[in-house]
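Each of the next two complexes has chain A plus one more chain, namely chain B in the first and chain C in the second.
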Partner chain A sequence: MSQDVPRTLKTAGVDVGSSSVKVALMVDTEGERAQLVSGQSERIGRRDPIQVAEGLYQDCLQEAGWTREDVSYVATTGEGDMLEWHTGHFYGMTTHARGGLYLDPEARAIVDIGALHTRAVVMDESAKVLGYRMTSQCASGSGQFLENICRYLGITIDEIGPLSLQSDDPERCSSVCAVLAETDVINMVSRGISAPNIIRGIHQSMSGRYLRLLASAKARGVVLVTGGLSRDVGIMRSLQESADEQKTPIQLRSHPQSVLAGALGAALWGAFRVRKLATQGVSLSLKTAV
Partner chain B sequence: MTTERIDEVVQRAEQLFRDLEFRSVRKWKDETGGLAVGYMPIYIPTELLHAQGVLAVGILGGGDELEIIRGDAYYQSYICHIPRSTIELGLNGALDCLDGMLFPAICDVIRNLSGMWKMQFPDKLVRYLDVPQDFDPEIGGRFWRFELEELARELTARGARPYDAEALRESITLHNRNRAIVRELYALRQREPWKVPTHELYLIQRAGLVIPPEEFEQVLVEYRDAVRADQVRTPKDQARVLLTGSFCEQPPFGLIKTLERSGCYIVDDDFVQVHRWIVRDVETTGDPLQNLVMAFLEDSIESPTRYIAERAKGQDLVDRVAASGAEGVLFCAPSFCDPALLDQPMAVAAIEKAGIPWTAFKYAENNGQFQVIREQAGTFSDSIKLWSGEVAV
Partner chain C sequence: MKYCVGIDLGSTTTKAVILGEEGRILGRGITNSRSNYKVACDVALSEALVDARFNLVLQGLDQSGLDETEAADALELLSLRFREQQYRSDLAAFTEAVRVLPEMKNAEAEFREAFDEVMSAVVGEASELFAPGASRRSDFFRDLLASRYHPMAEEVVRKGKVGFNRLVALFDKAILRVENLPPDPGRFAPYAKAALAAIPGSDPALVQAVTAAAGTEMEAVGSVGTGYGRATLPFPKEQIRSEILCHGLGAHAMYPRTRTVLDIGGQDTKAIQVDDEGIVTSFQMNDRCAAGCGRYLGYIADEMNLGVQELGPLACQSTRKVRINSTCTVFAGAELRERLSLGENREDILAGLHRAIVLRAMSLLARSGGVDSEFTFTGGVAKNPAAVEALHGLVKDNYGDMKINISPDSIYTGALGAALFARRGLLNQEKSAQEVVQ
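Presenting the complex of A and B:
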């Protein structure tokens, strides 16, 4: 027994990461490409992530001119399962795969570079996850590591990409351990190496890790970079150069909204679930009317 | 708006669950002067002990808050965790309040533990309770009755009231009521899993291991009435899963919560089976001891610790999946648990044949990190929600 579902659904995706919260509000009309109505990201800092998520969700609703009751499905990802008001929760690799495919329909893999972890996810043309690999406990492939480096160099995270592009003689850096790499950086600073060359060396080191991750996940074709570091033009340049040098069978891409990939994917899966549940005649008291 | 009522009863249950000093047992002994006898998982006829004025105390290991200092010296590294923590509890004095320990037949390790207990605590009642694996009343039935009569005599010799048929009949009636409420809660959880979170149901059942059955009945009634009346809890879009393999050494409490947080509604499980081992009311007319015997022979749940003569191994699991409306199975067994892990391939074969998705992981009762299991259970839940039945996007 199936239930009637409106052709157009309003859904929300909330991605609670370890350093920032991302929210995406989407209008999903059956048979058409879903539209992003509001998408925002906010750093958590030392605040309570639940409160940050709550506030950002309200801001997005306001921007879209929606009320909470308009939303058919609030899908969370990351640590978003802490939010009591979510309808369903999806895992990071599932949502980033879906969000990546939405942002770049040619993508068949994503590399999600977050604050604490990096993961490579290989998917098919329907966003079904075919395999994944994740960095282990080591932080040297993460955004948090890069933020620490910024602190040592006295620059902001937004400056790191453009500075990296100014490099003329990148300084090689330990690619194995965040602790050793940080020591390397302190030594480089005392040896008078310029910030652009230090940063470029770090970017190259991190790129090597990401490419190994993608290779072990057997990524092919277009790979979309998602997560917070997708905005870093330095890491993007470094990644592509390393991939070209190694003749890796991948084409790296980014998207202006790559940072929202998890939230976008969650919102899209939310709409999918509303429809799937309806066809199964399952009632979850989900609001299905626009 | 009754979440406060639920919180109240669950908090009380959690205090009992976390009390590794067994203060409730000590208090009961101070007040009544009665005997308290511990028992290991998974089933003993608690009715008999209760009828003789004995407090039956379920000892399901030390959980994740007990530091093992001496327990590891007794067992090799390839043995599960529950005997280490149990012997630690014995050696650190936490179980001094018990006048004895019963070790139902589960596996070689528990049999071995009963031997250690005899050596370590020679003044206490220690009994390995051998259960029949032949379910013919004339063979297994006679054997089990003899075991129970022996147990009753041993308890009396330790100061318990002598066996009395009427007292047993009353005890069976009380235990029937408790089992019925537990069944009711399991049924409610199957229908509306958001109303009866598994971590709460687990705590309620754990509380029932360390308090008298009369008090357990009150806890059950309070919890059942509170969750029935609750209007606050609303459904989430989660995958319905059946969890199996955790009948002896219990998973850390955090693991149960982690599985729920990872997007799974656990709609059937095999935690704390003593309250559900007998699947229907035990007959109260006629010879009550024989009724207990027949209930064990004919109305016990299927378990890896119990011989299955007629049906294929795993068929029960397939039936339970259908009955509970589960969409997948989590094989969640303790590391090195022979009964659970030796049965698992047969169970997997049966559910694969039935087209039921599954995933498997292992734990020890003192695990503190669940990130990997969280990812695994979460992606399993995603795969059920997104990919079962039809193609997405």
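Presenting the complex of A and C:
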């Protein structure tokens, strides 16, 4: 016996990463494109990720004018399964594929550049994952690496993109290790190399790494950059330039909401699961513990 | 006096060791490395020459019949006053360097006065900084000045309307200029004289010993360079030796029965096997990844807002074993944050991190041929008690009870090896010259 599911569902996606938490609240109406009602991202810093997620979820509910009881499904991804109040958990590659496709329906792959890991996911037009590749136990070229560099250069992470675009003579960055590269950067500063040229050199070396990852996952066509670095115009420019130089048949895109891709995908999968379970006669009771 | 010099240009510090004609160590010098490698070498050498002259003073005092403790005390006081003179002259150079900065020239009177206020406070406490028994974080001018300039600047900022960041920016710019000034080769005599003058009623024996030491001619007859930056040293190619060779030979000179050397430096880690002459038979090196190098601990210290020298003693207080799962330094930093937020004990995590770095070194050791006889541990990490403890445990577990040598002068191992190579080259030259004559 099938249970009645309202035509319109309210779901939440919570993506707990290693450096920030992302929350997306969505309204999913059958037969229509789902709507993002509230989406926010917050850095964890030295705090407890569970508390940061709790606080951010509350903020989003408030922005949307919802209560916890309005939400039919709280879907987590990343390390979100540590949250007691989640309904279900989804793997990062499926949520990023789904979220990526939602943001850019033409995308057939995503590259998620996070604080510690980068992953390339190739999918079809229905967000089915066809293949993926992930960086291993090494932070070379990660978001955290770039953040460390910022600290040494005395600039903020938001300034890095515009500065990179000002570069006229990028300085090649040879060191692969995220930590030993810092020494290289300090040496560059003392040799009088400008911040834009240092940053661009680093962007180029990072781009090379991401393109190899995309190539090994056999990405083609439109690739959406997601994760924290999708806002960095410098890395976007240098990724596309490197791809063109290597004649890789991909077109890189970003979206203002790229950073929310995992959370968006989770919320969408949550709505999908509510409907799927209803056809099997299962209704979900939401865990609303605070 | 003729001498041979070995210079080890490392990523964090530059070391010089000078040897006399009989192969005895005359003096050692160290400075922080900087962007100008030539200056770093010159400063390390000039420090080693100063050290050599101090040793001459000590010899002079011994000969004058002063007993050992008296002589050591007199030398200690002299050396403190000498350092103070050096510091004051560096402070003057720094002030001068700031004055010519455009930021300073174009600044409003208020800002210039604020800087003057900071500097007069810094200069005012110079004697205090070098009082007997006073503690200093490091003797490098950069660190010395930073440890006084920044707190003074904070104080001045609190009183006035001048921004802290602007004052710090002056420091960052001017310190580079001062550090890259070439050292004054003839500065021993005037500084020693000023130092003597600052010691009221100094012993005539001391005055005589200083005069004799200052008057001794020092002549370099051989030099060899090594270290991370050796390719950029201002030496001809035949006077450059790899760090591996120099560390092997240096460790052999310190501990002749050594057969295995482990060097954990700032940027790389080396496991070296040597024969009974100190000549390298095999080695393994990691200079690609910070995990397992000293920088790993430096990174962790930054993450925890601690000084790198504070980590070891803290880790030694651990009561429970924690296993760190990450290899990569950055990941270990993330794991550290995660574990702290889960409420794990800081000391225990730190002990786990020390074990992790030594474990990486153990795999290098194993690949280079293991440990089957006396073992010498060198490099900056050899000063860290927690790393030493972890190494003792792991060597015992893997190879049984082995003698582990750690010298308080282990930081000079590479430079000593280089100096020995310089001396060896000189002896070979003399030998072949003699053969030609015959």
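We take it that the second predicted complex is superposed on the first by the 281 of 290 C-alpha atoms of A that agree within 3 Å, B and C clash if a C-alpha of one lies under 4 Å from a C-alpha of the other, contacts with A are read in each partner's own complex, and residues count from 1 in each chain.
The rule is short, and it goes like this: a contact is a pair of C-beta atoms (placed from the backbone, for glycine too) under 8 Å apart; a residue touches a chain by one contact, two chains touch by 3 or more.
As the structure is a computational prediction, the values presented were derived from the model and not from experiment.
The superposed arrangement places chain B and chain C next to each other on chain A without a clash. Contact with chain C, but none with chain B, is seen for A:Arg47 once the two complexes are overlaid on the shared chain.
When both complexes are overlaid on chain A, the residue A:Tyr152 reaches neither chain B nor chain C. When both complexes are overlaid on chain A, the residue A:Ser142 reaches chain C alone and has no touch with chain B. Of the two partner chains placed by superposition, only chain B is touched by A:Thr87; chain C is not.
Look at A:Val129: by the touch rule set out above, it reaches chain B but stays clear of chain C.
Figure legend note: chain B and chain C, brought together by superposition on chain A, show a least Cα distance of 6 Å.
On chain A, the surface touched by chain B in one complex and the surface touched by chain C in the other have no residue in common. Residue ranges on chain B touching chain A, taken from their complex, read 234-238, 261-263, 375, 378-379, 381-382, 385-387, 389-393. Those residues of chain A that touch chain C in the complex are listed here as 18, 46-49, 115-116, 137-139, 142, 144-145, 148, 176-180, 183, 187, 190-191. Touching chain A in their complex are the following residues of chain C: 11, 34-35, 176, 267, 287-290, 293, 295-296, 299, 326-331, 334, 337, 341. Residues 73, 81, 86-91, 93-94, 98, 101, 126-129, 269, 272-273, 276-277, 279-280, 284-286 of chain A are the ones that touch chain B when the two sit in their complex.
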